[in-house]
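What follows is a group of structures, each given as structure tokens.
In what follows, chain A forms one complex with chain B and a second complex with chain C.
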Partner chain A sequence: MTRNFPLGFHIGAATVFAFILPFVVPSEVLATEILIFALAAIGCNLLLGYTGLLSFGQALFFGAGAYFAGLMSIHLPFGLFTVLLISTIAGAAIAVIVGFFSIRRAGIYFVMLTLAFGQLGYYIAFLAEPLTGGEDGLLSVVRPSLTIPFIAKFDFATNTSFYYVTAVTFVMAFTLLQRLVDSPLGSVLRAIKQNEARAEAIGYQVRLYKIAVFAFSGAVTSLSGALYALMLNFAPLSNIDIETSEVILFMCVLGGLGSLYGSILGAVIFLLASDFFAELWPRWMLLLGLMLVMIMLYMPGGLWKSVCSLFARLSGTDDTVKKGGANG
Partner chain B sequence: MIYFLMGVGLTIIFGMMHFVNFAHGIYYAIGAYICYQFIVWTGSFWIGLLLTPIVVGLLAYVIERVLVRRLYKMDHAVQILITIGVMLIIREGILIVWGTVPKPVSIPPLLSGVVFFGEFAYPKYRLFIVAVAAFIALALWYLLDKTRFGIMVRAGSENPKMVSLLGHDIDRLFAFTFVLGVALAGVAGALISPIRGADAFMGVEALGIAFVVVVIGGMGSFTGALIGGLIVGLVQSFTSGFWPQGTNVMIYSVMALIILLRPNGLFGRA
Partner chain C sequence: MADPILQTIDLTKKYGDFFANTEVSINVMADTIHGVIGPNGAGKTTLFNCLAGTVPLTSGKIRLDGREIGKKPQHVRPLLGMGRSFQVTSLFSDLTVLENLRLASQALQPAKGFVFWKSLPEVSADIDYAHHVLKRIGLDIETSTLAASLSHGQQRLLEVAMALMARPKVLLLDEPTSGMGIDDVPQMIKLLRSLRKECTVVLIEHNIHLVTEVCDIVTVMQLGTVIAEGTPAEISADEAVKTAYLGEDI
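Right after this comes the complex of A and B.
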């Protein structure tokens, strides 16, 4: 069990990270992308890492958020804050519906149901061409502006300004979710992951908790999808396809389950690697597949755990390493 | 019937070994490519159709020995993620070997053209697929239900440890079952190749459908896979009559409906 750091620590860490990131990575767009997918990976981690629910339909929430944000920005005169808020709530609503049906089954059936819902969403988006642009995607999405009455109006047309929008959203969402997993609710989720029957027997309404975690996961994933559409000025159909689900899942597993910081690390590594390799070798996904197999076989804790235990070993403070050392 | 072939391979592997194979779709794709390759070499679709399952089976055997056998005792989530890794590796391998442009496969001359049933014209090749799949279904049923091997497989799915204690080599049995299931996906790919060509990304869609078939029918049930495949095929051809673009939406909706009414699938064990 990890120690709970005070909330201020997490706010500080996330802020520092978001502040440094654009100076370290090659471009601001990439930095924006990293924060966006870090949020999506966190959404996945809430389900898989904390509650033990492997969802294959994360792209449904991601794509839905992108479409909601895109459509609102094109057709409705809402400001940035409203667009992001409504996308988030809509994502949570969809997730509650998907969750409600999916958690009727456990294990492998659950995975397949989430996959089926994801595919269902994909084909609906594909068919609803007048609304979503079908195969071409939703074009000419405009970034809504943020108006603070009587004071100022920001339009975020440049990549730099949009990075800071993303960064602020990221820090807020991250802090809230970190607070969530440190809360009693988070403990119940971990209890469900460890032993569902026991959690039920103690008297927790496991179903309700699972639906709740779906809502949070859907909300944050949808939020990240909304940011992504605004970043690209475009909501492609591929946002909602199974490959996006896989990518999100992969970042989550790569970084490590059960730690929100792990998800951030996963997104950083994945996007930097894909940025680096994509130009060198178009078939770099081959390496990705190999990496996935290796991590699952030899590093089930993901990179974050390995990094943690490495630091612990160097400083000689952590006793988990001395006891087992098997996680590394 | 193609759906049945995909679904039954998946369900055999799961029912027997409790192993979730998310790479199943890619074996279907590689079946199509290997069939294409044999046609290029020999000029005969028939040789391709016959040899494809053997080659795919060999590939499956190697993968089973090197990787899959270590995973049987692991969590489903781990199996899923690792087989996705395998899927990526094979898919990129396909793209390296055969390039990114899908390969067309022509219908063998013997089977081109249509057959008339009164008013309705039906392509000969599709009838051929139905016939082959029906034959395979029969053969599988015989294999699983009537032979010594089938008894061992079914016993193994109930209690692998007991089968092993009774002196049967469960390790080899598992390997064979895996190869069989994967080879079925390879046959399905080879059969479909004249209709839709060989495409590295055809596996994703097929995997989705295979899961629907298996979920409808009930995981691990042979009859379930057959009925599930039939239902999916019927829904598809029925929907394409009045809403051609909406077939996939309908298929997934039917699946959601069945899950709600019968959570274990039509023929599933609890």
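Right after this comes the complex of A and C.
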């Protein structure tokens, strides 16, 4: 068992990261987007990196969060906190349903079920035009304000103010989920990923654990979708399509499975590279694809692992050094 | 005579049309080491899979300490006192030795596994017990070693240690010595003898020497049925058993 870092360390790391980010990336909007997709990639990592569940339906949760937040902001007098909270809970509820049915099948059929649920969500959003705007997306989403009774009322019309809303949400969600992966629940998830049959045999009801991790994944992914709709003032249909699932999955695998920091890094690199290549060349997707292929080929453990082993080598605590020392 | 701690009544298991176990009725008495032997494919592992709930029964009953458990799902049976090890080593390979054992202990408190708001403590009763089990099983290794990097013999011991973590009333051991070197067998014999003081052991084993050494009672299976039962001495004199093993090295 590796020693867990104390919670304060993670809060500090996430806060410092969120504080510095807008000063080092080209725009505040891009910084906001990075934090949002980092949360979505983390949601994916909980399933894939920690539990071994490959979901191709993450866009369903992301898109649902976007629509819920958008619709509430248009039709209901809720404040920001309420809108984000309800979107999060709704995402968890949807994920419980998707998880409940999908985990009845294993392997490739499980993957196909998550894909099918994702497609189902897409068609529902497409057909429910009066509600979701169908192909045109949900327009004129407004950012709800935050009222602290008798004290103050904040609204978040500017990019800067909305960045700070996202940053605070990010730090809170990241800390909570980092705690989750360090918790007894996290240890059971890792056991399930390693050897599901043995986990069940020693007394863990694997089905319930999988549904639970779906709930957390759905919750954080839906929260990120909600923030995205508020950021764009718009909930496009593409939020809930297969390509969004792909992007989220890609960031997650790119950064590295089994580390939440990896997911953040995955989102950073993916979005920065997209932004950079997009200015270079109109066919930038090609360059992005090429870069991803290279990383997958030459850094199979993901970026985070490569960064960690680089640091380890620089500071002389290389894995091989350690092993050699213990044996010799 | 006392009631058996584990009892199967006409336990039958079919895979499709194939009877892997046919009306198997055995009584395992408390604090004994009960051997189960038989040629390959006799249905010994299938019997364990039924006892541990890994596969559902086709028909029949299983009583553990007077309680019917035949229909209980697999994951609650360790809580009821049934522990098992696997014939084919089944560990959490990329986790440490300590974590493998700790997980097996944590599983006894199902609610604990859902705690997500607390960090895993660095000291706990589960961890203490893991050290205790490691010591008594004679597995003298760094607890931070990954299970995958243990030698085959060490993995077999860890396999048994994991089953012990559940503090079972009845411990099902499926060929604990399989693939072990001949030098490791005495250690296993010593371990099995010491287990008698704390739980009942049902032991599947091909090593007849080991069975004769440690078992109080032996059940012999062939083609899914029980063909003989008795003390090791009685069994080795049994004609039916000799025929069953004809051509095999007994």
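Everything below uses one rule, namely that the second predicted complex is superposed on the first by the 303 of 328 C-alpha atoms of A that agree within 3 Å, B and C clash if a C-alpha of one lies under 4 Å from a C-alpha of the other, contacts with A are read in each partner's own complex, and residues count from 1 in each chain.
Convention: a contact is a pair of C-beta atoms (placed from the backbone, for glycine too) under 8 Å apart; a residue touches a chain by one contact, two chains touch by 3 or more.
Predicted model, so just to flag it, every value in this text is computed and none were measured.
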First, second, both or neither for A:194, with chain B first and chain C second: second
First, second, both or neither for A:299, with chain B first and chain C second: neither
Which of chain B and chain C A:116 touches, first, second, both or neither: first
First, second, both or neither for A:13, with chain B first and chain C second: neither
Touched partner set for A:127, first chain B, second chain C, both or neither: first
Contacts of A:272 with chain B and chain C, given as first, second, both or neither: neither
Shared chain A surface residues [contacts with chain B and with chain C]: none
In the complex with chain B, residue positions of chain A that touch it: 48, 52, 54, 101, 104-105, 107-109, 111-113, 115-117, 119-120, 123-124, 126-127, 242-243, 246, 249-250, 253, 283, 285-286, 288-293, 296-297, 300
Touch list for chain C against partner chain A, complex: 52, 54, 73-79, 84, 86, 90-96, 98-99, 102-104, 106-108, 110, 112-120, 122, 142, 144, 162, 165-166
Residues of chain A defined as touching chain C within the complex: 1, 3-4, 6-7, 179-180, 182-188, 190-191, 194-195, 197-206, 208-209, 212, 216, 326
Chain B residues within the chain A interface of the complex: 14, 20, 67, 70, 76-78, 80-82, 84-93, 95-96, 204, 208, 211-212, 214-215, 219, 245-246, 248-249, 252-253, 255-256, 259-260, 263
